[in-house]
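See below for the structure under consideration.
Chain IDs A, B, C and D follow the sequence of writing; residue 1 opens each chain.
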Amino acid sequence: MNDILDKPDEFCGVVGIYGTTDAAVNAYLCLHALQHRGQESAGIAASDGINVTKKLGMGLVSDIFNEQNIKDLKGHIAIGHNRYSTTGASAALNMQPIVIKHRDGILGIGHNGNLCNSVSLKRALEDRGSIFQTTTDSEVILHLIAKSLEKTIVDKIKDAARQIKGAFSLVFLTRKKLIVLRDPHGFRPLALGKLGDAFIVASETSAFDLIGATYLRDVECGEMIVFDEKGMKSYHPFEKTDPAHCIFEFVYFSRPDSQIFGEYVDKTRRKLGKNLALESDIDADIVISVPDSSNTTALGYSARSSAKYEIGLIRNHYVGRTFIKPTQAIRTSSVRLKFNTVGGVLKDRRVVIVDDSIVRGTTIKQLVQAVRLAGAKEVHVRISSPPIKNPCFYGMNFPTHEELIANNRTVQEICDYLGADSLKYLSLKGMIDAMPQEGGQKYCTACFSGKYPVEVDDLQSDS
Amino acid sequence: MNDILDKPDEFCGVVGIYGTTDAAVNAYLCLHALQHRGQESAGIAASDGINVTKKLGMGLVSDIFNEQNIKDLKGHIAIGHNRYSTTGASAALNMQPIVIKHRDGILGIGHNGNLCNSVSLKRALEDRGSIFQTTTDSEVILHLIAKSLEKTIVDKIKDAARQIKGAFSLVFLTRKKLIVLRDPHGFRPLALGKLGDAFIVASETSAFDLIGATYLRDVECGEMIVFDEKGMKSYHPFEKTDPAHCIFEFVYFSRPDSQIFGEYVDKTRRKLGKNLALESDIDADIVISVPDSSNTTALGYSARSSAKYEIGLIRNHYVGRTFIKPTQAIRTSSVRLKFNTVGGVLKDRRVVIVDDSIVRGTTIKQLVQAVRLAGAKEVHVRISSPPIKNPCFYGMNFPTHEELIANNRTVQEICDYLGADSLKYLSLKGMIDAMPQEGGQKYCTACFSGKYPVEVDDLQSDS
Amino acid sequence: MNDILDKPDEFCGVVGIYGTTDAAVNAYLCLHALQHRGQESAGIAASDGINVTKKLGMGLVSDIFNEQNIKDLKGHIAIGHNRYSTTGASAALNMQPIVIKHRDGILGIGHNGNLCNSVSLKRALEDRGSIFQTTTDSEVILHLIAKSLEKTIVDKIKDAARQIKGAFSLVFLTRKKLIVLRDPHGFRPLALGKLGDAFIVASETSAFDLIGATYLRDVECGEMIVFDEKGMKSYHPFEKTDPAHCIFEFVYFSRPDSQIFGEYVDKTRRKLGKNLALESDIDADIVISVPDSSNTTALGYSARSSAKYEIGLIRNHYVGRTFIKPTQAIRTSSVRLKFNTVGGVLKDRRVVIVDDSIVRGTTIKQLVQAVRLAGAKEVHVRISSPPIKNPCFYGMNFPTHEELIANNRTVQEICDYLGADSLKYLSLKGMIDAMPQEGGQKYCTACFSGKYPVEVDDLQSDS
Amino acid sequence: MNDILDKPDEFCGVVGIYGTTDAAVNAYLCLHALQHRGQESAGIAASDGINVTKKLGMGLVSDIFNEQNIKDLKGHIAIGHNRYSTTGASAALNMQPIVIKHRDGILGIGHNGNLCNSVSLKRALEDRGSIFQTTTDSEVILHLIAKSLEKTIVDKIKDAARQIKGAFSLVFLTRKKLIVLRDPHGFRPLALGKLGDAFIVASETSAFDLIGATYLRDVECGEMIVFDEKGMKSYHPFEKTDPAHCIFEFVYFSRPDSQIFGEYVDKTRRKLGKNLALESDIDADIVISVPDSSNTTALGYSARSSAKYEIGLIRNHYVGRTFIKPTQAIRTSSVRLKFNTVGGVLKDRRVVIVDDSIVRGTTIKQLVQAVRLAGAKEVHVRISSPPIKNPCFYGMNFPTHEELIANNRTVQEICDYLGADSLKYLSLKGMIDAMPQEGGQKYCTACFSGKYPVEVDDLQSDS
């Protein structure tokens, strides 16, 4: 959980390249573009058809890679991975891509998502003598592949894929191939692009923009694509089922300049803001966003409201996630370190604060106080998604039920807790209405609605 | 020079605290708030009345300080400093605060600004046997103090201050005192605040907001203030002269949520945007900013224009100043890594891009291309300050004359170079009109106008 | 290979403790005493009956451990490991103890020795889907245990042990037990001691001396001992066979103050020196050693010779194994950096240099030159073991056949290469005569004689 | 103080080279040979006639230098320095060579020794406005030079040299010159050698051996030599006085393979051992040394005794000066970690332990116990120098009077404290008799006799 921002974490971002000179350099650039999806560790594995090399490290992409170690990652195939924070000691262990030697060669994996049956699969594998190196569910997939009796790596991966359940946007690297795979529900995004004659897949299309690649289409729900010297070949190893795209990708996770699930995030967020204003506008002077994730949403809100869009909160981008808690004698907080109010804008105004979601409520509570302290006459909070009441088993990192502020509290109780003059959430209907619906797009809304598209066999494991 | 952003660098930010428990913790928080003024190194020196301790390091405040080393900086007095990039090897040497032992005790110094006669002073001091540890002009001040024949540290500092010329907002720490000093023209900002019974000075008031301090007033031009157990005592060691506040602090450097030279930066920038629209509006669909420094200016522009404010460029805040130049085979640039376009917003629109200044023109040229590539029909560039034609000798880091794009080029030539449909700069008059004028406020506009308020004796030295 | 010293490397040292408070502290001290057996990496794993913790690192024991990380290794059970240099990238990967989670719990392993069938075992395991983390043969043992169908960890280890061939002195740690195991031939030493009520096993008894433990006896050839809350229980899972103790442990590897294979190394080395003098004494003034490994041998030699024992070579103990090769313009060598001659002792003397072995001959050649340069009239080389003609598959790291100077060269040819006045090796008979023979002690002399006690199925793997 | 060994520390070793290609590589090798004189930090400064570069670091020479940073130290002139441990925070600050820019150029200094009037000189310099960077007395010399009114650097150094008192073997580097200087009493050694056409000076001649240089003579007491493109020129800036060579250099500090003060250390130590046996032999079986510093002395002793020379103590050279104190539950000590007994040699024997000196007595006390524990019937301690009763002000680091075991204790009381059967020190006369006397050599014996050749004005400062 990103405590300072009071937002859920997304576990990861992935990228795969086939066919460029220095594929690792492209992967490196794409990981920069996907840095928001994971900031704890990053890694790249590359192959020149003969040798597979890798470089992984803790921290940001820019901390890990340098001219020399990027240069050492030779070849026309590369996969890359950004990973979000997991607990303590296991962090370094769980960096991805994981690269193993198995009977038939070398295999690297990068995984965005979360398996729902990894605990029972792991138990069964250990009963047969498998030794696990990491605590990730991604490693389960590798063991299933290593144990598969199929002949080719493509068939082995299919075999393994049919045994796993849950959310998985996967990139695999072998000496000769890039193989990508998306779960049948398509929980997490995975886009396919072209860069000259080369192919690229990435969690979000903003990675394509950076290197001048063109977006072709999404990897389909349940599709597996193999890229090698013969070109690109598509398979559908799963039975067809309904899509269940994570709606939170539109609400918060993805970059506004990305296309995911076939639509610009920016456009969807603007629509969320408009719907929010239509449902719950109030007479106010200005509307401000909690930068940067709700900027577009607040602009959308102001388009359907008489309140003027203003910049009332300044975000300090130099402040990372670690910061020394000052002693009690010092009156401040990590929220104040991250956000400051703009005095001239807020004084004597009736203010609407637009945010995309509330998890624990700790941050927005402090922002309401700060805006009041800066002289606002009224403070109204508007949230562009419904109350979050349920955990996610498909790749978001939420606190427990107990910590979710909307669990067992009415909206009025939450409003009182925040100290706001009013609080409104967007309705589930209003949220879904803002989403692209063409081609039968359907969404997972489990964290809001409690309707889980895939059953969870196990206690949640870490990925 | 900040190459990726094509903006001049400000050399430093300073803070001084007298009278709180754990003054260093307050200094640490304030350095976070002033991080935008210098990102190469940071440091804090503290005194508990008997022992002086310090901690300096290369990198961001959050990289340098941790719970333990902050705790080791004991006492009720502290000074802190953020420093901008200087060249190579001398970087670590030149970290501040510089703390020395001299005849009468310990003295620490933090300096924002640039001396204009440091070279000749240094030569004279070396002729008398002084040995310099750093290549900063700030150390010259220390040697002048150490050599002063005056009796008290206060008189020694006055003595030294009268010998130096140029821009200096200074914080000094001794075992028992915090002493602050601002040059007679007040080139760089320096605000005075109160936190309970304690005093604080800082380059910008956003540092006060963070720790809950109240802004009292600016340290006056030419004022020296001594804080010790007897309270606060003000001196005016210089002859009175006209103020010459750096106008670029309002245009670009300072945070929008700060008050400098007695006014909210945000308000001034909004006015710059309005004046810019009044002078040079054009028929367009949308106006976008180059985030984040020109956000408010673009909002101001849209308020006087028929073009709607939109978010058309997304800035990747994870990308630092160092980044691996990809090989020539890869088509991208550090500018694209830093900024991406929002496809849905720009396509088929007539776009006005508002930026605060152009130095070399490299970044805005690439942004114009990127916006066109995203489908914009027209791209018009509007700059909220006049063409920059001259170097600064008072603390900004510009490229040489030859590299300044406005040197020896007409606006139309620059427009052609950028590939924009039109380019307009705000007039000098329009810029000054946006500035606060109460109380005889006057501004240094040397980089635009070539009128230098203080003569420069020496080749520019590094501070 | 230790190039500067021109000696084979021993792969490792191991230690295991059961029953003391802070077992890890004892393990840490013992690893110091066993540092000569491996200097590339070291590690300790500890258990308090519930939690297993570990700390591993590259470098010397004193580089890796500090007050804090030793304190974190809580519990009454610990195993430790020093490891010798292996090639490049795999080094960090191959640090020991390796600690894994398997179906039934946690298992740590430390291994001294080398398996002779690890390649074929590994291939078979990979065919059944096992994924290897390291390139050590030690990991093969873990996979065999994890895959064993036996019920208890004791039976699983027995099951695995019966499948492996070669040299292995092993220490295992589980949550509740310390288990140790020595191969049927007892290639590598493993001593059993007592410290109050606690038990300790270590590669050499000098580890016992350091912590005040008492030597009880050796772990027998083919013996497995389990230490847990019920005390100590001994098993013999293998068929009985003849011992084949590595004779090189006496000649060079072990510390002179250790007892191995039941005898003081010092005593054996003195006997080697005496036998060497009896076989090949020559009329000379002084006998000097190549410090420190042949000090005792040279003393023994002088006891049976008219030549007086002197200190003619000084070893610089600060010089580690890495050292910058000076440019060709500089006339020196790593050997000269490591050893200097004592001018006053050597001048105008007829000198016997006693060394324990010659591998490539590079070092002794330079020492002969150096001794001549220091003014010696004659230089005679005496080696306390026979010519080394064959590789070792049981845990010593030799160069290839081609690089062994005694391969395809007569003693006279070697003498000419060294530039010595005479060269004599101890005979195989003379060497074995110096060894303890009680209780049917027998020795592996394969590197001298070519007689290998255990067949080697595979290409040599790395351990 | 080297606590584990219970020996005084020597503060430093110095080297200077003029005239070789890659002088820094030669300096680097020499620093390896002088590592025993200082292990806390090391540094090299080099000049190619135009640019001066330097590299300093904490730790051993092999930790600090690598292929790249040595390569960066270009030029035909170099000075190098090894430094011993000083207290805490000031350590990194006080690394040498110190390199400064002064009025007339660049000056580097490396200093072995200790000034006796540095405190009063420093006070006077600070009164005139000098700012000190370090807490070393060496920096005083630099300030005296920077302040000198003489015209040339040679005259400035002479001017400064005449103001300082005490022990100083100095190497200076300028852009064009190497200048070396030895105090009038010649407390510390400084040898002059030749390497082809190039010149070299170093604390000990073992540095010459390593790079193939030839020993010419010592830099004379009170001599200053300037090396530049015109060759070598000698000056004698001081009034002539009696030599006062540190006798402890022969007793303990210098390497046995070095010539200092014109004589091989080895030879002198052998004589010390012989004299010791002549004065205080006892009926015993064996004589053992405390390795490695008293090896030769013990050999000398055995030559005049019926006791046989044996190796009864093994020193673990991997154990550095830092080591984790085990908890009280563990019965061991840093002495036991450093030295182990050889059981087979000591059991049932009457043993003479020869050591060169006793400072606190802590180490020898534990060695006596250890030797008894190994079964010795009798343990007699013989020391090859008189009781140490006084501090040194010329470059050795002793504990305070109170901690010196021989201060206010009779030899019998010390013997009782050690638990030895007998204890004898060599007499002052016996020690001096072992020293070379040709050419009027005279020695400082202040630590034994209390007769100080140079008056000490100040409290001892740190160098």
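The rule is simple: a contact is a pair of C-beta atoms (placed from the backbone, for glycine too) under 8 Å apart; a residue touches a chain by one contact, two chains touch by 3 or more.
Being a predicted model, the structure only gives us computed values, none of them experimental.
Q: Taking all residue numbers used at the chain A/chain B interface, answer same if over half belong to both copies and different if under half do.
A: same
Q: List the centre-to-centre spacing of chain A and chain B in whole Å, with centres computed as mean CA coordinates.
A: Here the centre of chain B sits 36 Å away from the centre of chain A.
Q: Once you find the CA centre of chain B and the CA centre of chain D, what distance in Å lies between them?
A: Once rounded, the distance between the two centres reads 52 Å.
Q: How many Å are there between the centre of chain B and the centre of chain C, using C-alpha atoms for each centre?
A: Roughly 63 Å separates the two chain centres.
Q: Among the residues of chain C, pick out those that touch two or more other chains and give their numbers.
A: none
Q: According to the definition of touch, which chains form touching pairs?
A: A-B, A-C, B-D, C-D
Q: For a test of understanding, state which residues of chain A touch chain C in their complex under the given definition.
A: Against chain C, the touching part of chain A is residues 100-103, 126-133, 142-143, 146-148.
Q: Provide the residue numbers of chain B that touch chain A in the complex, in ascending order.
A: So the residues of chain B in touch with chain A come to 20-22, 25-26, 28-29, 32-33, 35-36, 39, 60-62, 65-67, 70, 206, 209-212, 255-257, 259, 264, 266-267, 292, 295-296, 299, 309-311, 314, 316-320, 322-327, 329-332, 336-337, 340-345.
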